[in-house]
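Shown below is the structure under consideration.
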């Protein structure tokens, strides 16, 4: 089950295909070259196990019509037995985190590996996880599984992901900030007495599909607003993955008046003056084997348009004249590298395929 | 009560200030030069008569803070006795149409004139009004009041509005199409055997403040969609005001990915070949005394940017080389000339003031 | 040269890769499964033959970085001899129409087939072509070539395209309107005494990459404007392909405040009352073998979001209650089905491949 | 000339009305209650002195049609003698900074006070001014005038502005950052060893009306990009007005995909732990007599929609749980409080009128 031998194909299933990340995941799976003969099963997030109605995939997402298999597929009620009957090997959970917390151990019990796009299994520290108000039927088992879960950042944990039974797919803000800082922190270049300021901006799809006052077009359009200042839920992921303390990180998310895309502007001070080439080389070395990260050469800075509807994370820099202050700009599509394409990247690793298959 | 003698000022009240049109109405009233000493009363749409809580106006609409009186005003529960005690002379109803259908006769019974921004009283023909599913406690009285109600298009019914007790403020699409066609139809220039095609496009605020799937930023942004083809509720108003039959009008509304503004592109054939100057003069003559309509000289065509956040309706034209086919472009801000500023224009007429006071 | 035998791969070149359609064409060619081993050559539009500098493809279009071959490719000066040396079989012209008028015969003289994305060769009637102010060094030869040129609408002229030496890739507005009307006109269902009204709306990319007053963000954003009323250049294509007279068509384009996408709302009267099923069947039959057209079942209407960043044209309908008036909604991405993906579709046909390869 | 006695009205002129700030200035002046009888003169920026043609104001800005005097006014060639003949008392310069550097002393020589919306006279230190590459015909006189020029921030320099002959109207980014920091710095609450990070985001109108690659709709829409990192021209203003060193400030501007509005997110550490009430009181006290600054009470944070098309600057805060780290959010409309309405505010002070006349 945890082998990394190359598989010719794979049987997959997606629970929760109604949302934005779910729709992108469906599109990527339908178009994945290894899955052309074995389309994924789609399972309704809202349908209680054992009952409910079936709906055509293209009724839910008319934009998918015409894609391979799309017009023949349905979203069916969730049913573990059917998953097993169909020989599903990997289950994507694009459900609310409460659901994912409950279903992941059940999937493993049915010998199905899990890629969880929710936040349910990302955090090792109870204090960080508290914000999600998760409850566990069997706390001891959950704790053990939590320790086993691998944070699904292929650039940081590739080999562990390849062997994992449960991959916790990272948050969108977290991915952009972690990838923008990890090489510098690993190389010990940042003066942490000054801390890190991460000013991040995200398109509206990050707020989910449920209509609310803040996702109303009239609220979001022609606007910009900061929110969850000092309290965003992704903070814990960033701290844990980068080994930072809460005091060292200032992270402010903003809601951009665009559908998709995240741009994080990250401010740090260096331990000692560096050149732009030093910084770039640090990143080039770190991501040399990472096809989904594009390190940009100054003066080219990432911008949201370059990454939207792609599976890349773009990273660029600008250095102060004295070589001591560094601004890092990190960009990605929150629904792709910030969610669904990163999940596919993890699936590729778990199947022993090349990391970027179906993503470029 | 129905006198048109000039009043130095006026005591007004607004029921239903939570929505977009309500907020614009509040802004226009607070800034109206005749009302600087007598700010309007604001009454909650949702609060049942006789109970409920009071909320600061600027809690509801922080953008109004700093305007005259705004920070001192509250939205209070609706109460007829308090309206009378305060000497309210004109009540704006920015409520759902069911509410307006019920409240308008009650207001008149309390000697308060009404400007109703809903569709409750716009339509004389039962068949046209059926789409709103209105019910009347006293059908005979309602029918009599319906006949008395004046359609609040100042450019068409100015004197009647000045004397009216109940003004039915027009719909936004209807205003743009009626003002674009009335001069030509009155002058009998249009060949109605070919009918009229009105292809109209509106910003999202026209869909109201309640968050729905179709007002979600992710649905509306970067999109365009036709809706209510052959079945939009404003059709009846257009037919009644322009004396057209249903067979003669084809009206298709579209949802534009912008907050505000309507542009209607109207296609007609002329009874006989005309010059652009003929057409323009027909419009200039018709609107010579109408300060809120700007007739544009070809080749300048109206565009949404010219009218957004203004109280004007802009109208322009283009004629086919043979002088027989005419395209009329009519533009306005759906929340202003399509709703709130037209209501103020009606208030001005009812108070004996200049039509454009507080609007330019 | 004009064989339709299946080729394993193909050597292609693109002249004019700087614009928006050029960039999309580059992306589609780089990702085309048949061209993975034979990436296209890219030739600068602006560089005079025989001189000029070379620039990295990803300097011009940083968003293409990471795609197969992209980081190794350059845009080189245009040179017929090099094209021959490299064995180029199909040349895409994404140049201004004057250039394409001049280069197409030269390409054929070098035994290179041409897919021209400009308007240079689309129009058979001199009167329709006059608007482009084209001049020919050898008018007789140009006229002969004009007669040979095939209008590149795969749904209308598939077999002719497969055998063609010169394919004139259709205009974006024209594609949406032609595909929305062709089935009904072929079936003789439309009462042409009433004519056809096509109210079309396009995103800003249709206006090209050169910065102008009308492509400035401040002009286009939050705006809608009609333009070229009674005089748009695509009119001739629509008339020729649909065999309509100028008197029968009223076509008004509008500039939408979005990057990409066209939605055309088309108004016709039917010769006799029909049912929605009749209409849908007419379209389903016509497009039964056309993978890039998605005919929608009422009440689902096409919308721009469903087609943007796809190679599909979506078509849907609404019928008046009396079955006599029909509204057709036709939607596509102006840079894809309205330009570059249609060019790829034509290339697929010319190479004997499946029409949709590399497009779904 | 420099008296602050209340004037019943004022004769004004605007040089450079073609741009976005110029159009807003024109609108504000036409609607200013004190200027209803004395409309401003409009002078073309591009027309050489003594020659040139005259153009109707509403040809340049059709959206102004219908406003008081607007349809009767022209933009005429610049001519000092005419300015004097007409008795102009205050001249607004909405011209490029080179022009404003040259014209300001000439205006004073003609006994005309100046409000300069360009950057020509904002900076006292040559090093900060160097970025604008200004040259002076008479360097000594220019230096003297530079020392006399008053930085036109009414909240900081009200009395000096009232008496000034030359007011240097602040930059848009600078205004938002200065107003967000001044109260805290004056009260010595900020620990400057950590410096200040100002992450600012502006709508596209800030980039000016000239069409460029970066103001093209296709570049700006659905995008976000950082620019001028460590090198924006407004840095000098911020440093001078706040008495900061270059090492203490990190300011990164971003281009937002919206027409108007600036939001600055400012990160500081406090000298000692404070409560939100302490911080708010610091701001309330500082701005108690400033009608154009709205200090928001937590948890309400400013957002761009609240200030767009208003003359307000909104400021709000969020404090870390330990009371040591503070995020300040400062918002304004870059064309109004960031340019034209601030100029009107300065005019009001110079005329002895209430600061907010014509702005609320």
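Per-chain residue numbering starts at 1, and chain names A, B, C and D are given in the order in which the chains are listed.
Note that a contact is a pair of C-beta atoms (placed from the backbone, for glycine too) under 8 Å apart; a residue touches a chain by one contact, two chains touch by 3 or more.
The structure displayed is predicted, hence computed values, not measured ones.
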Checklist entry - If you average the Cα atoms per chain, which one ends up farthest from subunit B? => result A
Item to check | Chain pair with the higher count of C-beta pairs in contact (B-C, C-D) | outcome: B-C
Next on the checklist: So the centre of each chain is just the mean of its C-alpha atoms; given that, what is the distance between subunit B and subunit D in Å?
Outcome noted: 36
Item to check | Between subunit D and subunit C, distance of the C-alpha-averaged centres to the nearest whole Å | outcome: 47
Item to check | Gap in Å, rounded to a whole number, between the CA centres of subunit C and subunit B | outcome: 42
Checklist entry - Can you list the residues of subunit D that touch 2 or more other chains? => result 219, 222, 257-259, 305
Item to check | Residues of subunit D defined as touching subunit B within the complex | outcome: 31, 62-63, 65-68, 222, 291-292, 294, 296, 300, 305-307, 309-310, 312, 360
Next on the checklist: For a test of understanding, state which residues of subunit C touch subunit B in their complex under the given definition.
Outcome noted: 194-195, 197, 199, 201, 219, 222-227, 229-230, 247, 250, 252, 254, 256-261, 263, 265, 267, 301, 303-305, 308, 318-322, 325, 327, 329
Next on the checklist: If we count contacts the way the header does, which residues on subunit D are in touch with subunit C in the complex?
Outcome noted: 20, 204-205, 209, 211-213, 215-222, 257-259
